[in-house]
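First chain written, first letter: the chains are A, B, C and D, and each begins at residue 1.
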């Protein structure tokens, strides 16, 4: 068995659902557990829901809580699911916290997992893999790639992540 | 942009489809291109269909062809999609070929991608990520994990991969 | 071959999609053609997009246009896809127009077709079938049932249609 | 509430699943209950699994059992899910049994419901609707159409149903 991992859930498009009574998107429970079953994951992984928010609503207090939970976890490899719009800001907050010895990989989705044609399952497989083999540090895993926290931005017009350098 | 990767397609459950006229499973074209689009992959990746076979029908000649194609590719990171039943044998053939400097990751699926509830997208995201960061060598990526070619077997009764050590 | 049918598309949840750049639901093209292919429909059916609106935004002018298009169509059996919130009001407008000899069936969906777990395909199969065999008149087909235009309401709290009588 | 209906399940492509350990298609439980939930059906419907067989394996004894169960049911509207290859033969057996006063509609699928891109949900919505409004008799509902039991055949080369007249 490989080393244990933690997945910290914070919300984002990844986990949005469609409310058929109101016609709005909303959060209920995370789909990460179901996705791990679908992916036939045999990793020793612990899933913790830290919050369920749209990343445009992520506050400094929310980021502080994510940092605190990453610090508190005993696992050395951590995947954080996060909305894509402010994922880079949260990566920066995690890097500033100097969580030595930990490999932290943020990931998310452009399409909600519940909507069938989502990139979420691909991204989760990718992020969990990067988290197992990258050296300690803070990374973003999107579009099949990994980026160092200080060399990445989201191009909102095209909906993709890219290096800033 | 990251270094270029190659995906060599050889068939397996991954790419099986349902023939509605005969009620049998069969191969048509690979779904890898569609999966990369779904995963919003922005990797520089070249997809080559080497063959489309059930891995129980994989022959020594077939394995020799896979080795030859891996050797011929210019990319240093290669993902090989393969049926799970004899994936480990093909990994062994690739390791024996001593393809120095190349990171080769074999992956597959327990459920065909075309069937909706497949592990294929998770595995593809995982394999592409491992291929980018693992040192040269031959690996199997299944169940969210990576295994060295000489420390892995498929437990057919449970349908999972595990270390032999 | 059976008698020809028309499908008039007006929007509604049925045809909503997820905009991955803005995170909002929106309309692009109708999915009715794709749904007919998925259902292996062999009906002689003509699809006309009249408008693409949320039914809460349906105006008297919009309803007049739907009435006019139903009148103009040569087919005697017509399915109208429509948002569920004001479907009954549009049914009433169609009944008031006295489109003699035509069987008009309104249907919709609680979950967008594009979201994978939609009731849309079930409802489309149902509405097309009712339209072929019910006598002339205006009906709503939802939840596997058909309702006369003057004996139906949507229970918004539960998201279901029911008789008023 | 509309009159009660029965759904008699006999197997067929409709209910096939993929066995990830053997790579073969097989039957487990019927998906009809799940499909009714997905379709938000509010019909008063009772689901009875009579058998789970490939319709190429349907025997005269199997057909006699289906006839017997249709006769025994108290509902006047019955949908029978059935493999497509011998659906017409079973329709003939039901017609020969002279089940007076009952509207019996056979339906099935070209693609298993479990495989995501199935015609099953469309066909179920269609068959349930025809069963509610067609006069007593035995029918086949496929491809959005309904056929009298003595005026239908499956064109196996094209995978569609058509009139014989």
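Please note the rule applied: contacts are C-beta pairs under 8 Å (C-beta built on N, C-alpha and C of every residue); 3 or more make two chains touch, one makes a residue touch a chain.
As the structure is a prediction and not an experimental result, all values here were calculated from the model.
J.: Where the contacts of subunit A and subunit B overlap, which chains show up?
T.: Looking at subunit B and subunit A together, no chain touches each of them.
J.: Among the chains, which one keeps its Cα centre farthest from the Cα centre of subunit B?
T.: Measuring from the centre of subunit B, the most distant chain centre belongs to C.
J.: Could you state the distance in Å from the CA-based centre of subunit A to that of subunit D?
T.: So the centre of subunit A lies 45 Å away from the centre of subunit D.
J.: What's the distance between the Cα centroids of subunit B and subunit D, rounded to whole Å?
T.: Roughly 39 Å separates the two chain centres.
J.: Measure off the straight-line distance from the CA centroid of subunit C to the CA centroid of subunit D, and report it in whole Å.
T.: 26
J.: Check each residue of subunit D and list the ones that touch at least two other chains.
T.: Residues 110, 117, 159.
J.: Where on subunit A is subunit B touching in the complex?
T.: Contact set of subunit A toward subunit B: 2, 35-36, 38-43, 45, 110, 117-119, 121-130, 132-134, 141-146, 159-162.
J.: Of all residues in subunit D, which touch subunit B in the complex?
T.: 13, 18, 20-21, 23, 25, 54, 110-112, 114-117, 156-159
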